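The two complexes that follow have chain A in common; it is paired with chain B in the first and with chain C in the second.
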Partner chain A sequence: MKHTKHIKQKHAQLKIGESILVLIIFFILLTMGLVFYAKVQTHLTKQDNDEFNAKRSIDMALAIKFLPELQCTVQATEEFDCIDIAKLLIFSEVLKNKPVYQRYYAQLFPNAKITIKQAFASEGPLISKEGILMFDNKYVNEEQAGSLNILFFPVTLYDSLTDSNCFGFIELEVYG
Partner chain B sequence: MNKKGVIEVQFNWIFIFVVGTVILLFFVFIGKSYLENSNLKLAGKVLYDIDSIMKGATSSTKSASKLEIPNLKLRFTCFPDCTEEGCSSDFSMGDTGVNKPTPYQVIFANDEINSDFLITWTLDWGVPFKVSNFLYLTSPNIRYILVYKNSISESKTFAEKIFALMSDNEFLTSELIEEEQLPSIEDQGHEKIRFVFFYPFDDTSAVINEDILSDMIFDVVVLTPSFEGTAIFLSNEQVLEGFSYDKQKKIGYYGKEALVGAIFSEDADFFECNMRKSFNHLNRVYDIYRYRALYLAKYIADNDQFSHCTQVYQEFALLPDETIEYPKEFTEDAYKTPFYSITKIFQTAEDTNNKAIINSCPRLY
Partner chain C sequence: MKHKNSKRAQTEIMGLMIIVVIITLIVLFVVSVVYFKPKDDPLQSFIQKDLSTSIISAMLKTGSGCTKDTTMEDLLIDMVKAGGGSTIICKNSEKLSIIYKDNPDCQSIINGKNALDCGISQILKPLEERGQPYHFVVKVQNNAPYINQSYLSEEFARAKSMEVTPYTLPIYPTDQVLEIWLCMGGECPEI
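Let's look at the complex of A and B:
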C-alpha cells in the first residue's frame, strides 16, 4: 500500500518536472529567437539610419542649391547651380548681426558644415583656397560623429564686381 | 483512484492553465507592441517621404505634379501666432500622432487631405526679387469654382487671369463660371468644393442653390480683384445661415502667388499663418539684398569698368535696417506703417535694378 503511494507520488513529480523542462526549453528557444530578432532589428535600424542620413544630405543639398539668399538671378529669375559670391560674403555678415536667422538656418542644416570652394578660374582666384564657410552647425566633432557624409556639388560662382564666372563646388559635411 | 491522485492531476491542469495564460499574454503583448510600433514606423516613413516630396517640390519653381500616396489622412495645422522664430505649424499622419513641424515652410493646403493622390504646385514669390517658393497642396477630391459677375468688369477680367494661371496646373479641378450659373452647378462627387468669388457677393439666396449645396461640403473665399488685396473666408454654415462682411476677418495678400495661396488655404488663420511665414522669409532676403547693395556701392568703384555705378545702389542700400511687419490688411494706412510702405521698398528695389541695367552696372537682383 505504502509502496504504491510512493510510486504514484514519484510519477506526479516526474510529470511536473517534465512540464518544467519543456517550459525551460521553450523559453530558451524563445530567448534565442528574441535575441536573433533584436539583432536583425538593430541591423535594419542601422540601415534605416543610413538611408535617413543619405536623404537628409540630399534634402540639405537641394536646400543650398535653391536658397534665394545665395542664388544668382537675372531680373529675379534664378540661374540654376550658380552662387553669387557677393551674396555669399554678405550671408555670414547678416548671420552675425541677426541671431534669429542663425536659428532658421540651424534647423535647415542640422549638424552640418557647408563650405563653398573655387575649383578653377581663368582670371585668377575669386575666393581664397580654403573657400568661404557658409554655415557651420556641427553639434559633434569628427571623432564623436556616428557617421559623416561628405558631398560635393559642382556650381558656378558669379562675381558681380568683375562680372565674371568661375567653377566651384559646394562641400557639404553632414554629421550623423 | 485515490484522493491524492486526483489533486495531482488537477494541480497539473492548473499549472498548465497558469503557464499557458502567461505565455499567451506574453505573445499578445509582443504582438500588440509590434503592431503599434510598425504602424508608427510606417507613419514616420510615409511622413518622411512626403516631407522629401514637399522639399523637392519647393525647390523647383513653377512645377506641378500629381503623386500617388498611401491613403492615410494627411493633416496640416498652422496657427497665426508667429514670431521671427517661425510659426506653430506642422503636418501629421492620421491619428498616429507622428508629425513633422513646419515652422518656416510656406505650405498652403486644406487642413486634411484624404486621398490616394497628392497634387503639388509651386510658384515663386517675387516682390520683385525672389523671396521664397510657395507650395500649394491639394487632392483631386477638391473642386475649385472661380466665380465672377458680369456687371463688375474687373471681377471678370481678374477671374479669367487667375483661371488661366490655375489652368497651368493640369491636375487641378478648376472651373470659371458667371454668378448666374451658380444655381445650376452639379455635384460631381468631389469631397469638397471651394468657391472663389472675385466680388463681394451679398445676396446668398439669390446666387446659391441651397437645395444642391445642402448636400455638399463647401466653403467660400472672397477675394479683391487685384494682386494686392484682402481675402475673406466663409464656412458653409455662414453662407447658408447668413453673414455680415464687417464681422469677418480680413487677411491681406501681396502678389498673385499669395492670392493663389488664399484659394488653397483651409481658413483665415491658416492663410494668415503662412503669410506671416512668408514675411519672415521676406525679411531675411530683404536683408541680403540691402547688404548686397551696400557691398556693391562700396566695392564697385575698384573696377574701372563700373566706376560710374557707385551712386546706383545708394537709395536701396540706405533703406533702414528694420523688420518688415506683415500688414494684415493692405489698405492705404497699412502701406504707410509700420516702418515704410512695403510697396516703397519693392519700388525702390525695382528702380535700383532698372537704374543698374540702364547704366550697364551689375544688377541688384
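Let's look at the complex of A and C:
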C-alpha cells in the first residue's frame, strides 16, 4: 500500500516537472519571438524614418530651387537653377528684421539650415566666403539630431548690375 | 512490445523536431530577406542624378572671366574648334589670377583654354572639399578626351559611378557633338 502511494507520488512529481519544463520552454520561445519582433519593428521604424527624412530633404531642396522670391527672371520668364543676387541680398535683409516672415519660412523649411555660397565669380566675389545664411530654423543641436542630411545644389548666381553669371551652390542641412 | 512502441514514438518525435527546426529556419530566412534587404536610398539617387546635370548646366552659363562676354560654354566650343587649344586671347585675366591666387590653375592665364582650366578647377573644388569623388570628361564622340580630370579618394579608388548620360552640345557649323561627362561617386563607366 505504502509502496503504491510512493510510486504514485513519484509519478505526480514527474508530471509536475514535465509541465514546468514545458512552460519554461514555452516562455523561452515566447521571449525569443518577442525580442525578434521588437528588433524587426525597430529596424522598420528606423528605415521609415530615414526614408521620410530623405523625402523631406528632397522636397525642401526642390522648394528652395524654385522659390519665386529668389529666382532669376529674364523678360518675365523664370530661369531654371538660377538665383538673382540682388533679390537674395534684399530677401536676407528683410528676413532678418521681420519675425512674421521668419515664422512663415520656418514652417516651409522646418528644422533646416540653408546657406548660399559662391564658388567661382569672374568679376570677383559678390558674397562673403561664409556665404549668405538664408534660414536657420533648426530646433535641435547636431548632437541631439537623430539624423542629419547635408545636401548641396549648384546654381547660377546672376548679378544684374554687371549682367554676369557666376557659379554658386545652395547648402541645405536637414536635421531629423 | 511496450519497449518497441516507446522507441517508435521517440523516432517520430525526433522527425517532428527536425521538421519544426527546418520550418523555423525557412521562416527566419524569409523574414530576414523581406524585412532586412537594403532599400534604394532615394536621397543618394536624387543627388547622383541631379547634381551632375545641375553642375554642368550652371557651369556652362557661368562667365569665364577671359573676356567680358565669354561664358564657359563659349570657351568649351572654342577649344573643340581649335582642336584642344584656343583662339580666344584673354583680356582681363589678371583679375582671375588675383581673385584665385591660391589656385595654381588660375595663374598666368593667356588664352581661353587657360581660363577654362581655371574655371573648371574652381567650380569642381567644392566637390573635393566635401570628399565627393567625381570624374569629369570633355570629348567629341569617339575621339580622345580634351579634358579628363578626376578626384577619387582612396576609399573610392576603384569605384564606378552609377549610369550617367552626358550633357551634349552641338558644335556648329560642323556635325560634331561635344559630350560633357560628370560622373559622381567614382570613375565613369565605359565612355
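Going forward, the second predicted complex is superposed on the first by the 152 of 176 C-alpha atoms of A that agree within 3 Å, B and C clash if a C-alpha of one lies under 4 Å from a C-alpha of the other, contacts with A are read in each partner's own complex, and residues count from 1 in each chain.
Quick note on the criterion: a residue touches a chain if its C-beta (ideal position, glycine included) is under 8 Å from a C-beta of that chain, and two chains touch if they have at least 3 such contacts.
Predicted, not measured: the structure shown is a model, and the values here were computed from it.
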item: Fit or clash - chain C, chain B, common chain A; value: fit
item: Spatial angle chain C-chain A-chain B, Cα centroids [nearest 10 degrees]; value: 100
item: Partner chain in contact with A:Gln107 - chain B first, chain C second, else both or neither; value: first
item: Partner chain(s) touched by A:Gln75 [first = chain B, second = chain C, both, neither]; value: first
item: Which superposed partner A:Asp136 touches (first chain B, second chain C, both, neither); value: neither
item: First (chain B), second (chain C), both or neither touched by A:Lys98; value: first
item: First, second, both or neither for A:Lys87, with chain B first and chain C second; value: first
item: Which of chain B and chain C A:Lys55 touches, first, second, both or neither; value: both
item: Between chain B and chain C, more extensive residue contact with chain A; value: B
item: A:Ser19 touches, of chain B and chain C: first, second, both or neither?; value: first
item: Smallest distance from any CA atom of chain C to any CA atom of chain B, in Å, after fitting; value: 12
item: On chain A, the residue positions that both chain B and chain C contact, one per complex; value: 55, 58
item: Interface residues, chain C side, partner chain A - complex; value: 31, 35-36, 39, 41-43, 46-47, 50-51, 54-55, 57-59, 61-65, 71, 95-96, 99, 119, 122-123, 125-126, 130
item: Residues of chain B that touch chain A when the two form their complex; value: 4-5, 8, 11-12, 15-16, 19, 23, 48, 52, 55-56, 58-61, 84-86, 103-104, 124, 126, 128-133, 280-281, 284-285, 287-288, 291-292, 295-296, 299-300, 302-303, 305-306, 353, 362-363, 365
item: Chain A residues within the chain B interface of the complex; value: 5, 8-9, 12, 15-16, 19, 23, 26, 52, 55, 58-59, 62-63, 65-66, 68-69, 71, 73-76, 78, 84, 86-87, 89-91, 93-94, 98, 100-101, 103-104, 107-108, 160-163
item: Complex interface listing, chain A residues touching chain C; value: 40, 43-44, 47, 51, 54-55, 57-58, 61, 80-82, 117, 119-125, 149, 151-156, 164-167, 169
